[in-house]
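Just below sit the structures, each encoded as structure tokens.
You will see two complexes here that share chain A, one where it goes with chain B and one where it goes with chain C.
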Partner chain A sequence: MVNSKHKWKAWLYLSPAIILLLIFTVWPIINTVQLAFMENYDIMQALGGKKFTLGFGNFVSVLQYDGFLQMLGTTVLLCVITVPVSTMLALLIAVCLNSIKFLNRFLQTIFFLPYVTNSIAIGMVFAAMFNIIGNVPGLDSSLVSWGIFNDLLGVFGIKPINWINMGSGYWENIFVMVVYIVWNALPFKILILLGALQSVNKQYYDAAKVDGTSRARTFWRITVPLLSPMITYVVITGFIGGFKEYSSIVGIFGDTMGPPGNPGQLQTMVGFIYDSIKKNQGKASAAAIILFAIILVVTLINLKVSKKNTHY
Partner chain B sequence: MEKIVTMQEKDMQKVTSTQRVVKVLVQIAVYGFLGIMALVTLFPFYWMIISSLKSLEEYRLPNPTFIPKQWMFTNYIKAFNTANLGSLFVNTMFVGIISTVLSLVITVLAAFAFARLEFKGKNLLFAGLLATMMIPGEMFTITNYQTVVQFGWLNKFVVLVVPFLVSVFYIYLLRQNFLQIPNELYLAAKVDGTSDLKYLWKVMIPLALPTLISITILKMMGSWNSYMWPRLVANDAAHSMITNGLRNAFTTTTGDVDIPVQMAAVALVSAPLFLVFIFFRKYIMKGVSRSGIKG
Partner chain C sequence: MKVVLENLTKIFPSRNKKSDEQVVAVNNFNFEIPDGKLIGLLGPSGCGKSTTLYMISGLQAPSGGKILFGDEDVTDLSPEHRGVGLVFQNYALYPHMTVKQNILFPLENLKGEDAMSKAERLERAYQAAKLVQIDELMERKPSELSGGQQQRVAIARALVKMPRVLLLDEPLSNLDARLRLQTREEIRRIQRETKITTVFVTHDQEEAMSISDMIVVMKLGVVQQIGAPQDVYDNPVNLFVAKFLGTPPINVFEGKVVGEKLHIGAQAVLDVPGVADQEVFVGIRPEGFILDSNGPLTLNLNSVEVMGRDVSVVSWHTDALVPAIRSIIDADNKIDRDSETINFKLKPHKVFLFNKETEERIVVER
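Coming up: the complex of A and B.
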């Protein structure tokens, strides 16, 4: 072979990638697991020569942390609502887009637009849309603007709601997050599902037409089964992303992860990890491993469920 | 006999006409649904732009206006100065361009080795690299924070560039592209005595240009949108990245704050992304559809 005497060359070309990967990817995998078992590990103290006891202390303190269940609950809740909603909507939009010719490209471009945005920046726009401007709600109505979203609800006769301002409730906050996350998640899902739809063999549909199959039946019996591998893909990546929800919340509420006066009301797993990184890398590592384990389990369940229903 | 035939024909006509009506109704429903969804998709952008052009008094009005009465372009100047967008822009572009160029060089070399050269353990190594893609980024961040502290890199530009230079996904993407180029070309070049690097530069890079453009855009967008890592390791003003600067300049988003100026700042930060999207839509959508990662 021409190449055989130049084996060293391959390693030369690979060396920058390999060296960087060893430092910033491979070592972290080993080290993070190690840190998780060193109780309350802190880099500054470690540099000072301190030794840390080994054990499960970090895991215990994460699991026993008061807010743990709440932040796990918020993370799961956001996933369980946003993934099905955004997947269904994306599927509907993709099927509709696939069935039209006029304005097709134009609409495709519009639907992809939210993807090329900065999730922190656009989060601030959503905050403005749900914001109540003026005094404490209900006191001096001449100075109060309820915000465009409340104005919109007003058209349907719904009274203004305090969505994200001082004193707003957990469920109101969750609603705003769901709207924002779904809006943000649609473009990717539409793109993937539309791509899959375009590669479906038209013969299936022709056959269904000849048989006089109804549209609903065609959708459930042909479209969904043929798309099932891609639907599975979109759902799994959606869940993985959902369990790591963080920056969309920062976009709307800021670093405090909650409305004014109630910081941490919407804390998530990743938010907790980032908050712990500077103070206690041991605890942060334990939390990251717990998160990884949850994601792994959820992904496996997803695969298992979809295997039963997937048509290849 | 003849009567029955005409009955059938009538029926057929009826069926086709109802079918036509149904078809039109379905079309109306489809366009109606898509139209509503498109409006929902676009509304935040519209609201951002018109709010950014209103005066604060107008924005506070109990009944919202949908076109500004008075166009306040000065909001943009105010936003630019409040958030110090100029220096944030320079910092972010600097980090973005340096990381993209270095990342491209590393990716091209590695992808070439995996696609064209033969060496022991190649497949095993490649599989190992792909396996690291399954691990959530937070696992890396903790140790990387520790590493950069030890290197003394905190609050230096190097910390924003080096840790994320290698992306296994980009190597994978480019390798797949390189593999499609027939090996005969490489062997012919070898016979002619062309060096590897010259072959890479003259043949493979031009042929794989679309993939390289996709990588460039995704990497630049990644720098533009990065928030968590810079917040952790470079939060002094001199090294602040644009997303962090924006978020820190407007910490309050609720209550009676100067929303028009905030929206102007948001519009300024979003504008480059839209411009890139307009010109490189095809490459972005192609890259994204194969990745599943945001920015």
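Coming up: the complex of A and C.
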């Protein structure tokens, strides 16, 4: 324990972080909660000294908003698909990376690259891959491209699909988002799971081998349970990140949150919050608190479920 | 099941790519382990004893030679097809499974005609648990067990599939001194009851001597001597084996044979009929000394340690290769502790002569 005589020193060393957190995290949170309960809040009137009545009006208007269920649905859908898929893929890749020796370091670096790349930049590259160019009248027909992804499908005899261009459908858009989000989420998960794998005692595998355990059984009965604390961590942080999905959609569709001609088709909770800030800060604050509550509940459920299946 | 090792060799490639230096972990090991016996592989660390064990288990492939179980050549068989039970030094119990699940695990792997019903598996698991006396602990996790209990679970897990050969890697090294004594008796009892051919690896000579039917002493990958513990102790083939066995360790001197008499320093200490004149190493077991004021060997007395039943006399001599010479004598002997020197007579069968170059034993005809 820190000697009480030296406690002030501890506080002194912590103070820069604490002060910054108070200004940029704690105070905004308090403010958000306040704003969420102020009805018809307007910053100009607030500066003029107007007092606002307190109530649940902002929450009601968020919940009664026409697109609320759709944007919540999109957010949940992206979470529910991308988190399991990316976790399983990451586990598979981590196990593979762990079992090969040749070029091991090099491949680890390759798989980690997306993590240090800007997500908007990645989004633009993905948009290019799915983009159809050349359906603009008057464009030289030799420049027509269905996009790399459609070209790839063409090899298998599948007709080009309108993924993200004008008039593209909801499920096509979701597919593109899933591919992009999973790809973007992999490096961090691989890194965490690979680290956990490398710290597993090799003797467990030797013991399993002597006992004639099949590879699949070794994986499910030994590897997965031994990694379960880290899998839990990756899943929970994945869900939290998933509920805050926004920049990935901006990266591909721009801040219209949808394909040309149909803005808002892929609106998410965070997208809605950013949109509302411009018009009604009370409503944006209420939406933020609703999102917080949803994440809290989902995380608690996650913890409850994983507690049963996690070995520490 | 007898286990035959024929010219068994393991060579590890050099770690450093630039040098061609290879490590010969096990060199030309030949041994027929008789059915149903308990064999101790003994040697200092890096002598190849664990490598030998892992080659028998199938986890490591030999670089040369053959391994036979009975008449069946298992050299190229993978571990799961050999029917071996292996107990690891750190037990390697699956931490996320209960004791019961750990013991059941090998049985659940059985496929085809070997597959068992759930009831059969449970019965077998409880049998194995009873044998090692942990049937009360079946629902616990390994982290809730003591070291000795974990050890027993590991043995039960190895025994449950009724292996043809049981292999134990340093089975007692993680236990405290008292538990070690208890557990080694336990291993002996279990081996006697199951009659499974058992090979265990240890660096502790006392452990190997106390429970093995036969011991194999190894040094730098080469087998030095194989035999019953008492035979190896009484008739070491070379200086290494003599030094490795026995607590306290053997006392080694530089000596000389002149006219069939062994000299240490200027003193003629023992008749050695049939030995040609030469310089030798002399090994004298601590129990090979008899207190005798007219004895031919004079040592400089250092201290006397009373151990109850026995007395340990610590002394030194300029020709001794060990800094402290230990002699164990009966506590009834009266020792003048203030004396500067002490005289001993030697028991001829506790004195061994070794060639100074080869360190091989020179047999004295008696």
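Quick note on the criterion: the second predicted complex is superposed on the first by the 284 of 312 C-alpha atoms of A that agree within 3 Å, B and C clash if a C-alpha of one lies under 4 Å from a C-alpha of the other, contacts with A are read in each partner's own complex, and residues count from 1 in each chain.
As a working rule, contacts are C-beta pairs under 8 Å (C-beta built on N, C-alpha and C of every residue); 3 or more make two chains touch, one makes a residue touch a chain.
What you are looking at is a predicted structure, and each value in this text was computed from that prediction instead of being measured.
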Chain B versus chain C, judged by how many residues of chain A each one touches: B
Which of chain B and chain C A:N201 touches, first, second, both or neither: second
First (chain B), second (chain C), both or neither touched by A:S214: second
Which of chain B and chain C A:I23 touches, first, second, both or neither: first
Touching partner for A:L226 - first (chain B), second (chain C), both, neither: second
Partner chain(s) touched by A:Q64 [first = chain B, second = chain C, both, neither]: neither
Touching partner for A:L186 - first (chain B), second (chain C), both, neither: first
Contact residues common to both interfaces of chain A (with chain B and with chain C): none
Chain B residues within the chain A interface of the complex: 26-27, 30-31, 33-34, 37-38, 40-42, 44-45, 47-48, 51, 59-64, 105-107, 109-110, 112-114, 116-120, 122, 129, 132, 135-147, 149-150, 162-166, 168, 171, 187, 190, 196, 221, 224-225, 227-228, 231-232, 243, 246-247, 250-256, 259, 262-263, 266, 269-270, 273-274, 276-277, 281, 284-285, 288-289, 292, 294
Contact footprint of chain C on chain A as seen in their complex: 201, 203-204, 206-207, 209-214, 217, 221-222, 225-226, 228, 311
Chain A - residues contacting chain B, complex: 1-4, 6-7, 9-11, 13-14, 16-17, 20-21, 23-29, 31-32, 35, 43-44, 47, 89, 92-93, 96-97, 99-100, 103, 107, 109-122, 124-129, 131-135, 141-146, 148, 151, 164-166, 183, 186, 188, 191-192, 195, 215, 233, 237, 240-241, 244, 246-247, 250-255, 259-260, 270, 273-274, 277-278, 281, 284-285, 288-289, 291-292, 295
Interface residues, chain C side, partner chain A - complex: 57-59, 78-81, 84-86, 88, 90, 92, 94-97, 105-106, 109-110, 157, 161
